[in-house]
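Should a chain be cited, it is by its letter among A, B, C and D, assigned in written order, with residues numbered from 1 in that chain.
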Amino acid sequence: MSKGTVVLAYSGGLDTSCILVWLKEQGYDVIAYLANIGQDEDFDAARKKAESLGAKKVFVEDLRAEFVEEFIWPSVQANAIYEDRYLLGTSIARPCIARRQVLIARQEGAQYVAHGATGKGNDQIRFELTCYALYPSVQVTPWSMDANLMHIRCAAVLQNHPPSDIFCMTKNPEDSPSAPDVLEIEFSKGVPVKVTHLKEGTSKTTPLQIFTYLNEIGGRHGVGRIDIVENRFIGMKCRGIYETPGGTILYHAHLDMEIFTMDREVRRIKQGLGINFSELVYNGFWYSPECEFVRHCIAKSQENVEGKVQVSVLKGHVYILGRESPKSPYNEELVSMDVQGDYNPCDASGFIKINAVRLKEYNRLQNYSFRS
Amino acid sequence: MSKGTVVLAYSGGLDTSCILVWLKEQGYDVIAYLANIGQDEDFDAARKKAESLGAKKVFVEDLRAEFVEEFIWPSVQANAIYEDRYLLGTSIARPCIARRQVLIARQEGAQYVAHGATGKGNDQIRFELTCYALYPSVQVTPWSMDANLMHIRCAAVLQNHPPSDIFCMTKNPEDSPSAPDVLEIEFSKGVPVKVTHLKEGTSKTTPLQIFTYLNEIGGRHGVGRIDIVENRFIGMKCRGIYETPGGTILYHAHLDMEIFTMDREVRRIKQGLGINFSELVYNGFWYSPECEFVRHCIAKSQENVEGKVQVSVLKGHVYILGRESPKSPYNEELVSMDVQGDYNPCDASGFIKINAVRLKEYNRLQNYSFRS
Amino acid sequence: MSKGTVVLAYSGGLDTSCILVWLKEQGYDVIAYLANIGQDEDFDAARKKAESLGAKKVFVEDLRAEFVEEFIWPSVQANAIYEDRYLLGTSIARPCIARRQVLIARQEGAQYVAHGATGKGNDQIRFELTCYALYPSVQVTPWSMDANLMHIRCAAVLQNHPPSDIFCMTKNPEDSPSAPDVLEIEFSKGVPVKVTHLKEGTSKTTPLQIFTYLNEIGGRHGVGRIDIVENRFIGMKCRGIYETPGGTILYHAHLDMEIFTMDREVRRIKQGLGINFSELVYNGFWYSPECEFVRHCIAKSQENVEGKVQVSVLKGHVYILGRESPKSPYNEELVSMDVQGDYNPCDASGFIKINAVRLKEYNRLQNYSFRS
Amino acid sequence: MSKGTVVLAYSGGLDTSCILVWLKEQGYDVIAYLANIGQDEDFDAARKKAESLGAKKVFVEDLRAEFVEEFIWPSVQANAIYEDRYLLGTSIARPCIARRQVLIARQEGAQYVAHGATGKGNDQIRFELTCYALYPSVQVTPWSMDANLMHIRCAAVLQNHPPSDIFCMTKNPEDSPSAPDVLEIEFSKGVPVKVTHLKEGTSKTTPLQIFTYLNEIGGRHGVGRIDIVENRFIGMKCRGIYETPGGTILYHAHLDMEIFTMDREVRRIKQGLGINFSELVYNGFWYSPECEFVRHCIAKSQENVEGKVQVSVLKGHVYILGRESPKSPYNEELVSMDVQGDYNPCDASGFIKINAVRLKEYNRLQNYSFRS
């Protein structure tokens, strides 16, 4: 008699295959769920394997477009970056996959879900928090194997330098081309709507095409490799080596367009919300009232983040060459040294003196006499 | 009859020379103050020029060591960066120079100070706020010429790409060496105390030597060039092109060592203080009660930021290769997949369930049924 | 020949009457603008006076309803409070009045506006920033009289206790009734939609009626008096004595309903935005991109702040007696000691242990042995 | 054979007595630890009871002085308040008690600690996090009884108004005296050093005397009662009814002295740290690197919070009457309308115009034409 139905996040690899078999041995009916979010995988072979291992049903879904539009694009709007270095990458994959997996569980009347993330990592938390948030009565099946699914990562001893063959999306910068690729990225409401290669003239206009293309260009030049120590949500520090080529190009381009078009003070507040967003997503709270709230506020801030940025990509680095926008409060006349425009130099003097009122009073109080 | 004595921040260039002459014509006695903060200048020639133009006295001071130790080092501790791109550079020069200039003004009984910063920029504010904060009764003499002192900057039309000869400290990355320089930077209390070239074996151990050397290595590889649009304190956006080679290497190395050694939650709070620090310094408030307070708190956070980071510098980019520290809470056993150590996998399950309590209640309230 | 037309914020009092006369002497055509925002004033007499003093036109507008709905209500949603004590009160009047005054200026083709706020206060800034934000080409006429318009305020020497007759909206708590008034305040989307006196059964349902009634009840019991020292935007500290009876009742009631219905983490983020809002409004930035952004975000957070709060008002104090809401994630079963519900006590143990991972590692690093 | 030694936080009440007996039945040696933090308890009787129930040893410690000096005083400096209403009260008792309990455990070679806090509350977390932070290898014994220790609290159904006999420290405001008590509280470095009753002339000068006296005066006038719904750390909302008489008086007095003496911008930053402190302490993280860091920063900010505040306490409310300080940057001349002092009215105009630069550019971009 079946213990119930489990929807398993299946990857086709050894770990989740073992879990599939184990779940069946435990008496569950297993539905295998494979999500294509752009990884290099033979999905037909994986489907067949799941079936051969005894999965009751197998669902294979292409989530690439929604992954880009509904998860990566909001992260671009947020300038999402965890602890100043990690562009989230894998953390946003989990809620994308788990959301569909839970939908299938509800649809198929499954009371359980399972996944292959380890017990010491962040992915388990990201997966499970998403499931509970979207399907509160679901149960997550535990398993007894310690599976390591971290392929784009390496928990090497800290002092060792990583082997140079650890990356798979990006070329080694030393071996990358000596001539840059120059792109123009067009933004509307804070997300890319078009990428054009300025020399070759090629253009991409759908979200998935744009992101794939930027990954290709970035990968070609070895952009986006980082070797960091990060703080996991469960409290320990761990080493992570990541490559985020397309995301890195977008991070710099979006930052430029945002600061160009957004009011300074709006941007300061939005920057704080972006840091909140990054921590929430990193910790697994994509589906939470606070992350929804922050995404809403960030999206609001992006209404005028519109225009074109030219970037040059070379030897692991992204350079901003210039930008234009119909929505920027940048005022050439106001800035120019040659034109007074609407600006009166005497005002700066008053501005400074009023700002100094507080500093002078503090000095008098301290009997200030030259300290740093 | 003299109107009084003015201490002028003199650079030896055309602008401040004109101001010197003009001040004398206005009836002031002028004391010329030249500060060496590492710029490429013939200080003897500048001294002679000031004297020939009629300066009553000329002070030439080598501030390079205190500039690095008392201004750059605290900025390194803060991971100071304005609007996510600008490593402050010139903004920290102003308070360093102005502090000494004001000391001389007090010493010489001068009631006035003057400088050559323009009326539309940030430097005027940084200079004057420092003066008022340290010498409340001082008066700043106005002048009528519109002098542009921004030599490492260029307010080109935004869409134009900057000419490639605009930089003077950094080589063009495309023309930089194909082989990296690999350095080990040793930190103590969050500031560098030693830099060693791993291949050549050369070491630098004083602050000024360390910073100068990092500028040299960074410059060699074209590190630290940015082309941005920034928000000035007076409210307008302006374009800025900067090069901060040594500062960029230090920024990445310090960030790595800090996250490696600092508790995650301390770091979150410190990150906020670092953003405060950056805005305050950018706006000219180095000498203010709030900036002193923030510097104090940041310095406190750095007590265990100690260890060695290996970096590779190549073609405009800085790569972290590895790090070690006697002060890091990193625990190999705790992280390892093979050793359970002090960690019980069941605990993660409880941790996740408690974090999910709030999410489940929110779901029930919303009659949640799959929305992103 | 007229120098142009000025729209003057006229109050009917001595100060603005003098300004009216002075403006005419300077050669301006003067349009007097009187706004009724609930102050105790004979508007007909004021109109006649303005006409008799030579105003070309006189506009008298009843702004009370829009003052409550468009300015006070958003402040209630924000839990607006400056430096933890001041409920903004007068700071939100200025943008309300100035907005209409500027509309009239545009409509009447006036190039100038004028007001009677002093040069050392916040009101001048609030007024002028609003004007420039809404009518960038407007000019504000200066005047040479030093007019003190601070009637509900008193800049007494700090050590003196304020005279007890300084308040006009609130009764002295010592002389207020010995029996409380108990009210039920109903909220929808974070603003009050109904107030009912639980004993008397009287109800108020329009914004203006609700606010006026709460001012009456609060005033009767001496609620909302504060004597503080505040930091002005221009940098000096000054003493302020205020009374905000209705606003104080609403502040406590809204806070209660908000925390009852809002997710904890959304509330934390919203609390920060509320502090931003308060500083922006206090400083005069109601009409600014950042304040609009923050108001938008705050309004979004209030979507489920809906329900009823019972408050008791007595002798200067507001007591919350209870609350109910159809939108609260409060779960009686979850909290109850007698029912386990969906909560497993073992989970708390795991939650605590995971939270302790970081603390234990820090202890080991510090050779912790009992320090506070 | 003993399973080991447990140090039990013993209160003398039914719950912890049952736990003591149960622990012995389980085979542990039990050391009973009673801490006097000012609760109304017969400690001799409790000691005898513990011995009679079979405790191997009984420690009774008077922690009142250190509770005030090392826990309450830093909370006063922080203006600690959770979710804008709760003055922490009981949350700071736990780390105070647990610290000593752990010291005894180490001293007595006990491997276990136990307590009577329930599984759905915050106290369990506060207790256990403190233990793990100070004694990482300790083990907390679980027990099977569901003990409710919340005596100063009541989880009544939300709509019901609390019975009026629920409070024990404070008199019902309606029945409290009709004449106020007027006190002068003297602060040094942000903590009270003396309280004087202005009429009676009585003074208190030690921390414990001061706090006890303020509790007495506050209690007499029914100060500090709140009925709130709060968000527990484990995610659920629960109702709490608290009384914090002395703490409430100190909260208002300290706030006043702080804003009077502290620079505005330092205060803004410190306010954020205070909110962090409050959440950390509420959640049980008193002993954590981040709370230590924040306490250090807050203490630094308090260096000039020195002076005297006069407060009036009447019918549940605290009124500030006035204040004085040798350390305040308050400048009578600067504020005065009659004296220009060091302030030039033209400067305000320039200050406003520069602040308006950004607003005008935003308006032009938006084709602004009167929207709120």
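Simple rule for what comes next: a residue touches a chain if its C-beta (ideal position, glycine included) is under 8 Å from a C-beta of that chain, and two chains touch if they have at least 3 such contacts.
Keep in mind that what you see is a predicted model, and the values were worked out from it rather than measured.
Enter the minimum step count from chain B to chain D; a value of 1 means the two chains touch.
The least step count works out to 1.
Can you list every chain that touches chain B and also touches chain C?
A, D
Using residue numbers, check each pair in B-C, A-C or C-D against B-D and return the one sharing over half of the contact pairs.
It is A-C that reproduces the contact pattern of B-D.
Where the centres are mean C-alpha positions, what is the separation of chain A from chain B, in Å?
Taking the mean C-alpha position of each chain, the two centres sit 28 Å apart.
Using mean CA coordinates as chain centres, what's the gap between chain A and chain D in Å?
The answer is 40 Å.
Can you pull out the residues of chain D that are in contact with at least two other chains?
136, 234-236, 263-265, 268, 288-289, 328-329, 331, 334, 343, 348-349, 351, 353-358, 360-362, 364
For chain B, which residues count as touching chain C in their complex?
Against chain C, chain B makes touches at 263-265, 304, 327-329, 331, 334, 342-344, 346-351, 353-355, 357-358, 360-362, 364-365.
Can you tell me which positions in chain A touch chain C when the two form their complex?
The touching residues are 136, 234-236, 263, 265-266, 268-270, 272-273, 276, 288-290, 293-294, 296-297, 300-301, 354-358, 361.
Note which residues of chain B are touching chain A in the complex, please.
Against chain A, chain B makes touches at 70, 79, 83-85, 99, 102-103, 106, 118-120, 124-125, 128-129, 132-134, 136, 140, 142, 146, 148, 155, 157-162, 173-174, 178-180, 225-231, 234-239, 255-256, 259-260, 264, 267-268, 271, 275, 279, 285, 287-289, 310, 314-317, 319-324, 328-332, 334-337, 343, 345, 348-349, 351-353, 355-356, 358-360, 362-364, 368, 370, 372.
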